[in-house]
Amino acid sequence: MAAKEAYNKSEMLICSAARQMEDGAICFIGTGIPMLAAALAKRTHAPRLVAAFEFGGMGPDLERLPVAVGDSRTFHRAPVAGSICDLMEAAARGMVEYGFLGGAQIDMFGNLNATVIGDHDKPKVRFPGSGGANDIGSLCWRTIAVMRHGKQRFVPRLDFLTTAGYLTGPGARERAGLAPGAGPFRVVTDLAILGYEPASCRMQVLKLQPGATLEAVRAETGFELLVAADLADNPPPTAEELRLLREEIDPEHLYT
Amino acid sequence: MAAKEAYNKSEMLICSAARQMEDGAICFIGTGIPMLAAALAKRTHAPRLVAAFEFGGMGPDLERLPVAVGDSRTFHRAPVAGSICDLMEAAARGMVEYGFLGGAQIDMFGNLNATVIGDHDKPKVRFPGSGGANDIGSLCWRTIAVMRHGKQRFVPRLDFLTTAGYLTGPGARERAGLAPGAGPFRVVTDLAILGYEPASCRMQVLKLQPGATLEAVRAETGFELLVAADLADNPPPTAEELRLLREEIDPEHLYT
Amino acid sequence: MAELKSGRGPLIRMLPPDEVRAWMRANKPKGQVSKLMTEREAIAKFVRPEQYVGVELYGGVRCPMSLVRELVRQRIGPLDLAGQGVLENDMLIAAGLVRRLDITYHGYEVYGTSPILRRACESGKVQTVEWSNAALAWRFKAAAMGLPFLPVRSMLGTGTFDYSGAKEILCPFTGVKLCAIPALHLDVGLIHVHRADEFGNCQIDGITGFAAEMARASKRLIVSAEEIVPHLEIQKAPDRTLIPYFIVDAVVHAPGGSLPGEMPYLYWRDDAHIKAYMEAVQTEEGAQRYLQEWVHGTRDHTDFVKKLGGEKRLAELRAEATTR
Amino acid sequence: MAELKSGRGPLIRMLPPDEVRAWMRANKPKGQVSKLMTEREAIAKFVRPEQYVGVELYGGVRCPMSLVRELVRQRIGPLDLAGQGVLENDMLIAAGLVRRLDITYHGYEVYGTSPILRRACESGKVQTVEWSNAALAWRFKAAAMGLPFLPVRSMLGTGTFDYSGAKEILCPFTGVKLCAIPALHLDVGLIHVHRADEFGNCQIDGITGFAAEMARASKRLIVSAEEIVPHLEIQKAPDRTLIPYFIVDAVVHAPGGSLPGEMPYLYWRDDAHIKAYMEAVQTEEGAQRYLQEWVHGTRDHTDFVKKLGGEKRLAELRAEATTR
């Protein structure tokens, strides 16, 4: 690989996440990687992507990168600056296709923990908590988790189930009262792009990141992974993606 | 009575209704007599009266008389131009003290009919329906009905119960699920000012309009009326009230 | 729970939210695309017989009259109606296009009851289900929130409840009795606004009535606007976008679209015309004559405004508009 | 219904709406009276130990920091908190004033978890009850609607539900399972706005977060405003009044009141200060040193702004503000 095309893990995550976004769709975006990914997607294959931010901003130009999901850049030159209820209720009505999520732990059904390690009332580690994640996981059609791969993150059993993935498997979301037809869609990590096998709702490897092997992915995953029949390689960030990211989107390297 | 102090029934109703309003209170106002009464009250004893209109206007100056509960005069120079949910929910929170109501029929518990005469599905007469009346009767602390007296209006049994008064008597509102401590407060007619006897929730005559007798009130009422121990006379419109009404509030005599 | 009552309904319209969710996902464009079209195109494209339709605001104020007249011109019916509206619903009923009505108030305010409603109901031609004003707005709000129902504290204990489609429930936290009202989704909603861009981002000046809720409760939403503005104007004040583009299906340019009703801050209502209308509709024949002359007798909204007196009459009504 | 679950709670705050109704009737002035006062007067007048308090917005944006600092200065606690807020709640917890927290998100967004929250929770000093962001906003909305609860479609099936005070219910119309969340009334709400008049009519520019709902859910509402404007300015645009006077109890003039956070369109956040804060609070001692220097070490908000760099620093942050 030429020197100018060297890239770090963050850049790979951002480019991989950007590629999951669809033109003309509404996506809930959180702080950090999803914001960069959305900014990148808007400048590449998805100019009409509508980035939605849970506190009310919707469809900003993303000329300058927001640093908080409520800051003024989340509604700069946007068609809408509304309220949290407004946007969450739009999601409840089925208007929001994608939601980006993160977390400290994920299980094979795409359930996420962003609350605690250990006992809830006397936790070993207290994380920030659900925030909008639970709502995004409950209300959006498809959620995309972006995380670093690792056994302490891809766990057989969550310490706490903050945000619904497929819960205990097929039909479990619907039995819990969540709207049908929705759920986890992708997990983007530094080692792979993962999806879910429709019949079992279990996580499966779809693509390997450049340089990663299936063995490496398995070694960093605490539960049994399925593998897609057409397992493919995720292409590395292109020179243009990296240029946009470094020169236009995050020139001050706030995030990368 | 001097000629210049002659007045018609509408004027008497308006002046009587205006006197029921309290300074610094929020009152739901409907089209017609309540609007004139509110405009008069603001110019006399209640300059800080806040007239609220169900479609969102609140606290207008009432310099020009609204002709509809949603027109632009209901929020002219007002602090708030909101929405129907906004104002109705403020009433649900206990913020609205008074509500004015009208109707085709009223019973001894202050229940009102503004829906039909005869069978609901094949009515003899179809009236406009509840509109905001049912909400005002359910949510405001005290409602004031303004009606012409007459046996066909003051009836022993309503054809249809559009808006809750005291329903079947003491405790009935609470049993139905309505918030406690609220209910009908006054009935202003061309013959009398009526209230409700607290123990029985039954309508009682508080004051007689100028020239009216208790016998006349009873003759025009289709149910047994209680009479306040301190039955008094309601003073006729003052020269100043009439002047304001005729010269400032409704100079084109749209309503009087 | 045996003692909890239900209104006898019927529920003219009750869509499961999950069905609507899937419909919204499949049918609403989520990117910003131009939706500008004529009133004729918009009505022909989105309104079908047997549908459930609603209009906003009320009392001849900011009313989508140009769209309603076009609906009458195209004679699309029978329709079910969400029942708020003085001139709009009145005209649709007069045109014989209405089958059932979720009524809350239908009358002429100070001018009393509607002879058109009276004839329709007293003859049994139009079936009514009763609601309060707020209950109907809250039913839209339930739909706007993506919920199948909302609890409210109106209607309890009354005939309005008994002849509605509401149900009593008990609060799971406090045990108090509440009135549960079902979400109300429109097949087509009609709203007139002050300004919109080509994508459907809308601003309203003054009270907003139940526009925010009804717009979000509409499967198809046709917006008419006094003014079509460049997108940049919307972008400069995104906090004024009451109705966002992604819930709008058609944007129709209609200056004077609320006539003969009022448009706050822009023009006052045409009282002479409204009075003439009210006199005309006292009889069935008069009502039909009015429709013939003012609706079928005008090609489109521009033609209607011209017939009303054109720019000269508009200037008079603008002069009477309420100021800021 | 036996299979329906309840979160294990506890409900830190659940007031019967009828009690709040009566309280609102008795205690809120409904006419327009001046409520201008200093931050010191407002906090001293309305905040008491053992109360349930909440702030808006979130993430160091339009945050009522001047009021929160004054609350810390007056050392009023223990308090229960509605848990949204990066800098505000963090500072109140650091000051040892918080007992229980209805948490949804408490962290530094891109900068990660809050060491202050970690120390408070991991030591068991602060008890948390879990909610989602929207659930907390909807709990305020329930209170704003005068209801004891709202049904929602979040939280179901998760530990967030299990460790909340929510309950499962069945929709009386469709039979679908829903999450019922109880109304959340604040004893005192703190909100920072762009402009207000002396009576408390408030305008906000940009996103409104959960200001409309939280304001209406507050028994006492203290508003700080960048600018106090003549009532006439409010009257000329009554459709911009997001928070009406009759729900406001105190109006405090606080230019730069959101600092070190951002105020949309007016000034960008003071990143240097926020980073220094985040470094300081890595240790308990550092957190106390920060409070000593920047809160107790400043007399009032004016003094705080002066210490931050006064007009010169403000001018820099204004230059970085997002444009329209």
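The first chain written gets the first letter, and so on, giving A, B, C and D; residue counts start at 1 in each chain.
As a working rule, contacts are C-beta pairs under 8 Å (C-beta built on N, C-alpha and C of every residue); 3 or more make two chains touch, one makes a residue touch a chain.
Because the structure is predicted, anything quoted here is derived from the model rather than measured.
Peer 1: Looking at A-C and B-C, which one has the bigger number of contacting C-beta pairs?
Peer 2: Higher contact count goes to B-C.
Peer 1: Using C-alpha centres only, name the chain that sits farthest from chain C.
Peer 2: A
Peer 1: Where the CA atoms of chain A average out and where those of chain B average out, how many Å apart are those spots?
Peer 2: 58
Peer 1: Report the inter-chain centroid distance for chain A and chain C in whole angstrom, where each centroid is the mean of the CA atoms.
Peer 2: About 40 Å separates the centre of chain A from that of chain C.
Peer 1: How big is the gap, in whole Å, between where the Cα atoms of chain C centre and where those of chain D centre?
Peer 2: Computed from C-alpha means, the inter-chain centre distance equals 37 Å.
Peer 1: Counting in whole Å, what is the centre-to-centre distance of chain B and chain C, each centre being its mean C-alpha position?
Peer 2: 28
Peer 1: Could you list the positions in chain B whose residues touch two or more of the other chains?
Peer 2: Residues 57, 75, 81-82, 85, 92, 139, 179 of chain B each touch two or more of the other chains.
Peer 1: Among the residues of chain C, which are close enough to touch at least two other chains?
Peer 2: 17-18, 146-147, 152-153, 176, 178, 206-208, 236, 238-239
Peer 1: Could you draw the chains as nodes, link the ones that touch, and say if you get a line, ring, star, complete or other?
Peer 2: Its topology fits none of the listed shapes; call it other.
Peer 1: What are all the touching pairs of chains?
Peer 2: Contact pairs between chains: A-C, A-D, B-C, B-D, C-D.
Peer 1: Under the touch definition given earlier, write down the residues of chain D that touch chain A in their complex.
Peer 2: 57-62, 83, 86, 103-107, 109-110, 113-114, 117-118, 120-122, 124, 127-128, 130-135, 137-138, 141, 152-160, 163, 168, 176-179, 206-213, 262, 264-265, 268-269, 321-323
Peer 1: Taking the touch rule as given, give the residues of chain A at its contact with chain C in the complex, in rising order.
Peer 2: 23-26, 48-50, 57-59, 75, 77-82, 85, 89-95, 97, 139, 141, 179-181
Peer 1: Could you please specify the touching residues of chain C with respect to chain A in the complex?
Peer 2: 17-18, 20-25, 28-32, 143-147, 197, 199, 201, 216, 231, 234-236, 238-239, 241, 244-247
Peer 1: Where on chain C does chain D make contact in their complex?
Peer 2: Within the complex, chain C contacts chain D at residues 11, 14, 16-18, 146-153, 167, 169, 171-174, 176, 178, 180, 182, 204-208, 236-239, 324.
Peer 1: Quick one: which bits of chain B touch chain C in the complex? Just the residue numbers, please.
Peer 2: Residues of chain B touching chain C: 31-32, 53-57, 64, 67-76, 81-85, 88, 92, 111, 113, 115-116, 120-135, 138-139, 158, 160-164, 167, 172-173, 176-179, 254-255.
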